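Structures follow.
Here come two complexes built around subunit A, the first alongside subunit B, the second alongside subunit C.
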Partner chain A sequence: MTETAADTTRMGGVVPTALEAAVTTTDHLRIGRAWLASGALLLVASLVAGLLVSVERMDLTGMAVFGDVDSLFRFWSAYRVGLVLLVVVPVFVGLATAVVPLQVGASSIVFPRAVALGFWVWALGAAFTVAGFVIDGGLGTPGAVSRTDAVALTLLGLLMVIGGICCATVCILTTIVAGRTAGMNLSRVPLFAWSVLVAGSIWLVTLPVLAANTVLIYVDLTGRSAVAFGVEDTIWGQLSWAFSHPQVYAFALPLVGIAGDIVPVAARRRHGNHRALLVLTALIGVLSFGAYAQAAFDIGTPIREQAIFVVEAFLIVPLVLLVLVGLVDVLRRGVGNRRTRMPAPLYLSVLSVLFLLNGTVLGALRAVAPLDLLDRSTTGAQFTFTIGAALLAAMAGTLWWGDLIVGRVVPQGFGLASALAVAVGIVLVAVPDTISGFMGLTDFTGGDLGGAGNPESGVDVLNTVALVGSAHLLVGALGWLVTGVLRLRGARSLADPWGGHTLEWSTSPVEVTSESPLLDATVEAGA
Partner chain B sequence: MSSTTFSPAVPNRPRTLVIGSALATSGVLMFFGGLFALYFSRRADAMAWGTEWFPEGAIRLPPGGMNMATMALSAITMAWAVYSVINNDRIHSYLAMAITAVMGVAMLNQTVFYFNDIALPIDHSEATTFLFVIVGAHMAMVLVGVFWLGLLLLRALGGQDTSRNRDLVSAAALYWYAAVVVYMVIWLGIYIAK
Partner chain C sequence: MLTTGFKLWFGSCAAALSAAVFAGYTSGGTETGPISLGWKGGVGDHVTYVLFVTAAAAFGLLGIIAVAFRDADSESVAEVLGVDTAPPAQTQVGSSIWPVLGALGVATLVIGLVVSSALFVVGLLVLVAVSLEWTMNNWSERATGDPEVNRELRERLLRPIEIPILALVGIGVLVLAMSRVLLASSVNGAVLVAGVVGVCVFGAAFLFSRRPNISRRVVSTVLIVSCVAVLAAGIVAAATGEREFHQLGGGSGGDHVEVGE
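Then we have the complex of A and B:
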């Protein structure tokens, strides 16, 4: 077994080429960067799909962009799947891969090859998924007119995406559970590491359920004739639980940890009650378990009308509110300590918790049966607020830890402007969708041509605002991408630019290598 | 590694392989949990409507029972392997791992034979789709376990599976016990309850 400092000569003094180094690296910072870069690129792709859907919503009777309702549905579902499984979760996994091992004083991630494997499986799966959506596949359509082989390709891609995320998550969680430095018990881990532990645990028990749904659909679809699960117009209904309340909260949960780590350092004040924040994060995580909320379990009273769904929807609101109050309290107490301007990630991380609160409030409103919002565009608004909050937090996280991950600085102002464009976009998309939902607009507007975008419907002004919001989101995402490129060209960063007190600012990364890892007991015992 | 570079000490991490394996196995169990939840809810729905679930005589108890017995015995031999490695008993650990792997292969063989024998098409009904997906996924799980045992045997032959480095054996055992538990649910839920 050998251990060398990251990014140095490996394997007997032979310097690997850039491509070899990228593919075979076990450096957790480099793998983290790969997750982040891929997530940022796919964010742009997902938002382009979202923008096209918004344009189409302006006049559904004309269908000028897609030509038919089924194509519109394909891109509408691609937008949701893409934002969750190809953007938000991978970006959080990337941040966690890079930052969490250092936060817990582990020097390197446990099972670095498995993390790399997870990334490449996810990347290939993401390519399959995108290709499936583009070549008339996707996750079924209302009119059942997709190409079966393309739908199968999308499902296969989805399975690989889930597999890659789960593989990386296992490594991150093992690092937190077993790789912590001496003396750091679980109640002392930084909030980001804790939130990743909670969120990752929920991902590990829910994403395999999504995989089970997907396998059933895949097998039925590719059999001689679909009998139940693979029938095309039912596919989205079987998988949609993963992209709505309460499961979306699990995907966004690391934002609590990002805000929880940024605020006290920026405000120069410790949390009033660190353990209370740990407990709140864990409770939000437990309440975000959404694998039970499947339409397939609707025998008798539909799941979404049962007490557990409603109680869960309402319980999560005060918990997020308490998190926000805790953060604001730290800010209030620390405002006198700060002699310089507050850093950009501080504003973004607090704003992300506020957006998450909006998402949970909408989730609670959706659970009120007399309002009849479950299948309205309020669902989309809740998705936008929640996943948008996660996106904003991810941007804050990359601005905060970017110096550490890349080793170079970037102008904070440009990053802040990009993130604010995204924040404005979130509001401009989610608020009109909320109002439209109360006016009776369905979640997938293609199913309600009369109420979606014609001049008599009363929602075309709101659709116009949402279109502007979608454009804002795309501009912000492009800005984030440019920020990343600028960082690659920036000056070398300081070891601890924010004066942080958590371990990641003082721990040096180590790359673990072995020529025969599967047969080398020493590596597995030690690494 | 360069002779002039001083590397940090190897981190002392407690049982990472066992913890990683436990986490991964929990994900696998949730995969089957999702399938079983769907299976039992759809089956209950079909029963409530008086619809036929499996065709009469399609699911026979003896093959399922034989497989269950094989898996139960393999859990014992797997425990034997862990015990042998803890006690540095190389001969017994070779034997125990090899027998466990052979039992896994036997279980796969019996399942393939049985499914060929009943000749039930996958698209016969919702129930048969479930049957093929659940049993097929379990076969894949056992196959992974057999490969893992093969790797353990190679390591044992190289002198790597010792009481000081027993975590990979313990991790494999955890996974194998999960495979046995999953088959127990298949046996009770599909072969016995039909």
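Then we have the complex of A and C:
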């Protein structure tokens, strides 16, 4: 849609080949598509790792699939790292790269070449990370079964991944802060752009900490004789804070914006209080700052038993609940305005907020010391609910803005079916893990009965249900991938398929003069 | 006028600072510690205090950015620029090869860290080259108001440097890759490979010269595929290692005849 003349013709007027156009593009829609496609492919790879781990958990008495604990741990950690840094965050970055400049009325993203650099660094880093996990590296214990050079490759790949994400995030945030069209002040920014501003700010202050952790481990790994920080053997222990409460909420936060933008347009009704949603999103973002919660560096009272950790865990629940209530209220008030069927992304986006709420409730329960859930499979359940919610919202976002990003339509039913398969998978994985956690099953079961906590309490049956859930997730992800391919072959899309009339659906930047731009045009049109 | 961005970010900054001071006093801070950022006394619980102060700093920074850009207020922007109406938010830039080359430079550097220091140095050199090119590109695009003049300016400055260096690097890499292939092959195999490659090069050159109207796409595809094939063969040959050499004559003078397996 916004393919630029600068992008289609190289200097000198020569039309570039498809390959040249792909590797040299600075068009935000093309780069956004590249992020989304890469994220979808890596989602399938991550879920295959998760499925293998679920198969292994079926029999806690031995190693049927992997042969040794280190290999099992490698795939277990690959699943979590992959879902966050190779799937959810990149997909949100891709959506934001494509949609946010249009939402805020900028004709392009700020620093488009830096965005391209961010994507390529991330993509190559993702390839190195995956290669590291596959060739006996990963985040296990170097020197045992894992190869030290392969572990080093994984760590360096992760550094590139973080660098790429941060580079792209800086450009997106700068677009929101400095690239807005005249008249659109921060209180008028659409919710998705706002949620990306908040989440991106948190990513920028926490991901460098994760990078610093990685550098520390790498230096210890390669310079053992000269430097010994003593962290080489506890790689996951140092990095795990980024994949659990509260940091994991920061990665999922843009889902609030996706739901916040879809619901009012689909329901033909404005938000009751747009500014309240902006504040709620910002508060959730602040509470999801998790770089301080590093159990590996505990001195004195463990950080996860300190007041700030517990208070943070409980405060975030009512905030997410308020967001959900606000969205449901818009739906309730707008239900009579729509004469046609509600669009698929609406259901998915609301469901994603509901799943996020489940994740925050589990996070609060984990913080209750007497329940002793911190290292139980409840941690995995919280991860599944939260990151699953983000995944569901990303699917809703691609269905909603896909016409805009690709310029072609796709059957909504197929996309909805794929996303529902993912939703069912999330429930089937997370609920059994929640119950198993209360029964004493550890987060990482390891390879023997003793390490698995209390396997005789009936968790075998629950692990079978979780395996079915993992299969559902994989099927849904494959469906999402197929949906993307179908869209590429679909008919040309309408300019404004949802009747949103918001800035991203218009072809050129528009000056905003209203205090509540969202749906203004709809209301004026009498819809 | 206080913009919404100003109120939001500096309000959050003040709230975070107040929370830090409150947390400091209620967790064992001294009388002056929490209000002097720990300069005159203890701040109480370090984690909580540092967290809130960091948040305040981040909010303050965002506030400064929001103020610096006047929070996209059209009247303010126009006033700063001295024009009647604010200009469009963003100008377009053209496509560029430097991002992907920069990423490849980083990737080479990373592989070099794991595999060999020589590759690390190559990665560094690529990054330096990309940085220079990118900087010059950006400079030339803003040199004058005429894109055509800007393009000529850049080409006049950089082409005399780029072409010889790229040619040298390209030739060097291809020669290195071919040498690895020849050293890994048997004696007769090396003769055969050299012969076949030579015939292919001359054949392709002859064909291109006979057909001057051949499309750019075909020429570039043939060249790229050939170069990638030679590079891949070179990497595989380097990984396989050289064939065994037998020193004949045994002297220290260096005269030797090699016999392949």
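Criterion: the second predicted complex is superposed on the first by the 471 of 527 C-alpha atoms of A that agree within 3 Å, B and C clash if a C-alpha of one lies under 4 Å from a C-alpha of the other, contacts with A are read in each partner's own complex, and residues count from 1 in each chain.
Keep this in mind: a contact is a pair of C-beta atoms (placed from the backbone, for glycine too) under 8 Å apart; a residue touches a chain by one contact, two chains touch by 3 or more.
Since the model is a prediction, treat every value here as computed from it, not as a measurement.
Visitor: Tell me which partner A:Val177 touches in the superposition: subunit B (first), subunit C (second), both or neither.
Guide: Both partners.
Visitor: Quick one: is A:Leu43 in contact with subunit B, with subunit C, with both, or with neither? Answer first, second, both or neither.
Guide: Neither partner.
Visitor: Check whether A:Leu399 is in contact with subunit B, with subunit C, with both or with neither, and answer first, second, both or neither.
Guide: neither
Visitor: First (subunit B), second (subunit C), both or neither: which does A:Leu357 touch?
Guide: After superposing on A, A:Leu357 lies clear of both subunit B and subunit C.
Visitor: Output check: A:Leu473 vs subunit B and subunit C. Expected answer is one of first, second, both, neither. What do you get?
Guide: So A:Leu473 meets neither subunit B nor subunit C here.
Visitor: Figure out whether A:Leu216 sits in contact with subunit B (first) or subunit C (second), or with both, or with neither.
Guide: first
Visitor: I'd like to know which partner A:Ala21 touches here: subunit B for first, subunit C for second, both or neither.
Guide: A:Ala21: touches subunit C, not subunit B.
Visitor: Mind working out whether A:Leu416 is in touch with subunit B, subunit C, both or neither, as first, second, both or neither?
Guide: Neither partner.
Visitor: Between subunit B (first) and subunit C (second), which, if any, makes contact with A:Phe297: first, second, both or neither?
Guide: First partner only, subunit B.
Visitor: Hey, what residues of subunit A end up touching subunit B and subunit C alike?
Guide: Looking at subunit A, the two contact sets intersect at 4-5, 106-108, 110, 114, 177-179, 205.
Visitor: Enumerate the contact residues on subunit B facing subunit A in the complex.
Guide: Checking each residue of subunit B against subunit A gives 1-2, 5, 7-8, 10-17, 19-20, 23-24, 26-28, 30-35, 37-38, 41-42, 44-45, 48, 121-126, 129-130, 132-133, 136-137, 151, 154-155, 158, 160-162, 164-165, 167-168.
Visitor: What residues of subunit A sit close enough to touch subunit B in their complex?
Guide: 1-5, 8-9, 13, 106-108, 110-111, 114, 166, 170-171, 173-174, 177-179, 204-213, 215-216, 219-220, 223-229, 291, 294, 296-297, 299, 508, 510, 518-522, 524-527
Visitor: Can you list the residues on subunit A that touch subunit C in the complex?
Guide: 4-7, 10-12, 14, 16-17, 21, 23-27, 101, 104-110, 112-114, 116-117, 119-121, 123-125, 128, 149, 152-153, 156-157, 159-160, 163-164, 175, 177-187, 201, 205, 222, 282, 286, 289, 292, 303, 306-308, 509, 511
Visitor: So in the complex, which bits of subunit C are touching subunit A?
Guide: Interface residues on the subunit C side: 3-5, 8, 12, 45, 47-48, 50-51, 54-55, 58, 62, 65-66, 69, 71-74, 77-78, 85-86, 88-100, 102-104, 106-107, 110-111, 113-115, 134, 151, 216-217, 220.
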